[in-house]
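Per-chain residue numbering starts at 1, and chain names A, B, C and D are given in the order in which the chains are listed.
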Amino acid sequence: MGIAEFARDGRVVMGDRPGAAVVAAVSGFLLLDLVAKLAGTTVFFLGTRLLGGSLTVGSLLSMVVDGLLVGLAVGLAGIGLSMTYSILDFANFAHGDTVTVGAFLGWVAAYITAGLGTGAPIAELFMLNSGRQLSTVSTFAPVLLGLVVAGVGSIGIVLLIDRLTYRPMRDTDNISLLIASIGVALALRYLIAFVFGTQTSGVASGGLRVTVFSMISVTDNEITLLVVSLLLMLGVHLLLQRTKLGKAMRAMADNEDLARVTGIPTERVIRLTWILGGGLAGVGGYLLVLESGTISFNFGWILLLLIFAAVIVGGIGSIYGAMAGGILIGLVDSLALIWLPSGLTRASAFLVLIVVLLLRPSGIFGGVSTA
Amino acid sequence: MSTVDTVRDRLDALPDVGLVVGFIASIWAVMLVLAIAVGGANWANLAAGFIGSVTVLIGGYAILALALNLQWGYTGLFNIGIAGFMAVGAYTTAVLTAPTDPAAGAVPGLGLPLWVGLIGGMVMAAIVGGLAALPALRLKADYLAIVTVAFSEIIRLVVNWSGLAEFSLFGVPVGTGGATGISFKSANDVAATLINGVGQPLVTAAEGVGVSGPNLANLTYGILLLLVVAGSYWVLARITNSPFGRVLKAIREDETVTQSLGKDTRQFKIKTFMIGCALMGLAGVLFRGQAGYISPQQFRPTITFYVFAALIIGGSGSNTGSIVGAATFSGLLFYLPARLGENVSLGGTRAPGNIVDAVAGFASLDPLPLLAYTISNVSTLRFVLIGVVLIYIIQNQPDGLLGHRNEPATSVSLDRPQSGSGGEADE
Amino acid sequence: MSEPEAAEQRETAVTSDAIDSPLLVVDGLRKEFGGVVAVDGATFSVAEGSLTGLIGPNGAGKSTTFNCITGIHEPTGGRVTFDGQDITGLAPYTLANRGLVRTFQIARELSDMTVLENVMLAPGGQVGESVVRSVTPGLRGDVVKAEADVRDRAWETLEFFEIDHLAHENAGNLSGGQRKLLEMARVLMTDPEMILLDEPLAGVNPTLEEKLLERIHELRREQGLTFLLVEHDMDVIMNNCEHIIVMHQGGVLAEGDAETITSDERVLEAYLGGDV
Amino acid sequence: MSQRATESETVTLPDPAERLLAIRDLDAGYGDLQVLSDVHMDVADGEYVVIVGPNGAGKSTVMKSVFGLTTYMGGDVIFDGTDISRRNPDEIIYEGISYVPQTGNVFGSLSVRENLEMGAYILDEVPEDRIEEVYERFPILRERSDQSAGTLSGGQQQMLAMGRALMLDPDLLLLDEPSAGLAPDLVDDMFDRIDRINDDGTAILMVEQNAKEALRRCDRGYVLVQGQNRYEDEGTVLLNDEQVRQDFLGG
């Protein structure tokens, strides 16, 4: 099987040389254009602007920072999607709504603890509409508590969902599982809408603004996102590389049959997959709200395709790929603004997704651990 | 499981047309009963409203489910970009038929007749579908799914983009209207004209029993849509009950074998994708653009998943099942709960404004506030129900209501020929 | 190796019953997967109307050869000629339409289709495979007429293989042996000139085995079909094939009739795992 | 002359309780396809037993059946006095049997050392002494310790697969065609290593395509034809039996 796979890959790459060449040409052109823009020169050809324009280093840097921050959270959420894909072998369309669930659980916890004693009615706090904006600096303890609740809560939810939905279907084909996950996605999303309504609530805004290198300005909430994401990614790395169960997870993603004859308890590995994936999704969602400031019942669902893009670009099944892919997609989403009108930047991220799937289905970083 | 089985057994006994007509008629009956129960003196008008709306929904979802059934149920092509192909069809029709001199603030179009617009929309959807299919069809099912859904989102973002809201096409001003959308020749108006022309006596009669003009027009439109469903069914049945359909089924089962039996499977897949997308494009304008107005909001990916739910409930692989599924989904899961929520009240208990107040009633052992809250939010909860039904079906009854049926892909009776061969004797 | 020497080697490789009218010629076929060479210059031919056996120990490259001939894999090197025409690397459907078809080692029935549908799928160039003809009133008449012919032929073929009583059954419900019969019936419906059989008897009980072999011989006799057969069961090969090709380590080790093969010490060694 | 299976049935088979592994009247296959019928086999403590036979005889199926990877259809598989015929692989591994599949037998993305650790997954702690023993047995694995297994050569992967299987110090090691796909000059080396594993006390049941070499080295051999026992005897006796040799070409 390994050999056949290899051969097929080889053939695919061969057949796609022209496609790869086009991609390389386009990337080269964009890079050249970027340099021209930064230099403030414009090149005209036959009366039309060929490349160039103007762009300040400062605005470029702030775009990079934006993209990096969103990308980190997307990557964090993507780890779970990638893991379920490689270990349970299906594309989980409910993953975006797990992100939402985690975010709501976390924010309700943070909001209520921050609001206790302020005299705000409990209903307003629970519904996240007291109008108060939390920040890491001003309400450190509640924000931290919310983070923990987001992780733990979403773990509980995904374990319950696995028990009810996916476990009875362990031996079914991956398309049936995918469809079941669409059902889960609908149910989760509208349960949230049932409880919290469909409005968008503003819940967080930076309490402190720090300027770095006198050009980049970031808030305390953004720094929290950065620090927590990096720490969690490091944690995942250590878990997978150093712990026995983490290694077993990688082993199972690699070769499930061999894992079974080696005595690896596959159900336990699956449980760990949900725990890690669900927890990171919840935390990722919580952090995204911390950064963007607003929360609504379908923000995770809207994010799902971006998470898919991150995971596929990084090579589905690869956890490091998901992290790297997240950052890359975050940057594409943000930097596309240099060339495209703001309404189309998201489309460019999806375009990257499609191009990668067609030209290099194993991802840019090429399946570090393949499914 | 056993309930579904009994339902299935009974369904099996009916001929297909009877099955579909019976199904839709019973949904109408349910609506009628509801209207009588809650409408008081106004029941007839309410019933016409309910039945009209549910029929439009059934018609729209049935066309979409039939198209998806051709692609997925027959050929195994997991297309979850339905919303995007609907948008292509709808926007093409809109741009072709929108008036050249629109009202202030609206977007101009080419002002062509509606039928030209409809054909144009289908052709464009087929072309875009074919272009999407060319590279994508070699991907495995779940990757194809992701590519198609991403593709449909790109389409939506493009029509939503303000840069295309109004532009000049070879000197002629046209546009998509961007986020605000575009108005064009309303398909509904055609129904209204029809009704007010030849159907004048009918209108008078309807008004006599209290049915309003718009409700009657809506009902007429729904029935027109059902005629389109019937036409689509006829075409698809001929496509699938033929050697062409046989090859499609074979591709779904095992593409390598199909190839080694001499079929150029790629061609079959692309054709199928184009035909299905054309139908999706048609549904895009007839269903979403009923009122002569479309906007990008109407083509979110969610609608794709509703079509999947409809097809899976009915049974993928069966044309009749597609329609039955669409009727079940739109009638019983999508429309009915919302109307029940609006029209059922709990005596004096007013629904609390949020869930906290609703649950607070429990402190005084009063479940009514929560119940009232639930009822008033039933239009949200129905989507939870749809999700749960989807999970239940895929776990317990993956063939849906009718997917287990054997609908052999052929254009003739398959019984052993009576004359000619004398069996084993001559071997 | 000098030219004449190589030529001489080739001469001796082909035994006395040299093939006068080869239908299929495999010349220097080579297939690599990554760095691994699975088929390494295999050269042999199959005479028209013959029943030729292809055997060899595990890993000899039989399946890969099969897959290269039938277009499942693209060969890395070498040439395959069928009926005088170069068919190297052509897609499976093109080959089938030229009369070269195959069965699969593990029967690959289309399990959610009926037995009759399975068989009716096979004939090439059916008018009803055109959408326009199938849909348009008036034109559909031709489709229906052609379809009736296909149906009648399908019934006859099922009767020939004695599985007509299963015609309306889903193919997935058939037993292992019946599936093998169905596969044979299906490839026969393509009107082939040559059929490549990949272990048609694996998992088939002796009675059914007898029946299948009888059918194969009958098809050769009465329709002049050519068969190339990969089979593990040596008895079957020795008793039925007039020409046998032995593969070992990606190449052809020996060729000849049953007697030549069984008395060839190198063949025995190859099977016992010795270096040859 | 080797014992024909039909004759040996009249001779009573050894008492299963006295054998490490005893297979009796085993029927097994995949799904509804029966591959083995009435197969019997014995492996004594520390014995080196080889199963040979023509292609498609069901040799690998015997091995998979012992490890619970086939569809059970009848008969007994008795290991160390316990009937394991209907157990799953994850239970059987606790009994003291390890299995090395023919293909896909290493975790390609894990390092060599991690592969070995996975071999001892069911133990509470990583047995450093066992890893050390495996490294001594296969020094190349120590050199490649941190390299991912997917980058090893075919022969090295085969050693790693065996090393992984030895991590639990099994009483019985099941090897499925360990020489398959190896370059000819590596085959002898592989057989030498298997000899040494057996010399150190581990009983071995091995399927081998390379019948000549395997029969020369083993204690006893079974010839399987079409899913049934055909002959059994000392390896060298079988090897020199003209009838057995002909069996490989049918007969």
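The rule is simple: contacts are C-beta pairs under 8 Å (C-beta built on N, C-alpha and C of every residue); 3 or more make two chains touch, one makes a residue touch a chain.
Predicted, not measured: the structure shown is a model, and the values here were computed from it.
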item	value
Far-end chain from chain D, centres as C-alpha averages	B
Pair joined by more contacting C-beta pairs (B-C or C-D)	B-C
Gap in Å, rounded to a whole number, between the CA centres of chain D and chain B	58
Whole-Å gap separating chain A and chain C, where each centre is the average of the chain's CA atoms	50
Approximate Å spacing (C-alpha centroids) for the pair chain B, chain C	46
Rounded Å distance, chain C centre to chain D centre (Cα mean)	34
Two or more partner chains touched - positions in chain A	none
Shared interface positions of chain D, touching two or more other chains	none
Chain B residues within the chain A interface of the complex	78, 135-136, 139, 141-143, 145-147, 149-151, 153-154, 157-158, 160-163, 178, 305, 308-309, 312, 354-357, 360, 377, 380-384, 386-391, 394-395, 398
Residues of chain A touching chain D in the complex	1-2, 244, 247-248, 250-251, 253-255, 257-266, 368-370
Interface residues, chain D side, partner chain C - complex	32-33, 35, 54-56, 177, 179-181, 184, 208-214, 226, 245-246, 248-251
Footprint of chain D on chain C - complex, ascending	36, 57-59, 175-176, 199, 202-203, 232-238, 261-262, 267-269, 271-275
For the chain C and chain B complex, residues of the former touching the latter	70-72, 91-93, 95-97, 101-102, 104, 108, 110-114, 116-117, 120-122, 124, 126-131, 134-135, 140, 143-144, 147-148, 150-152, 155-156, 159-160, 162, 164, 167-168, 170, 186-187, 190
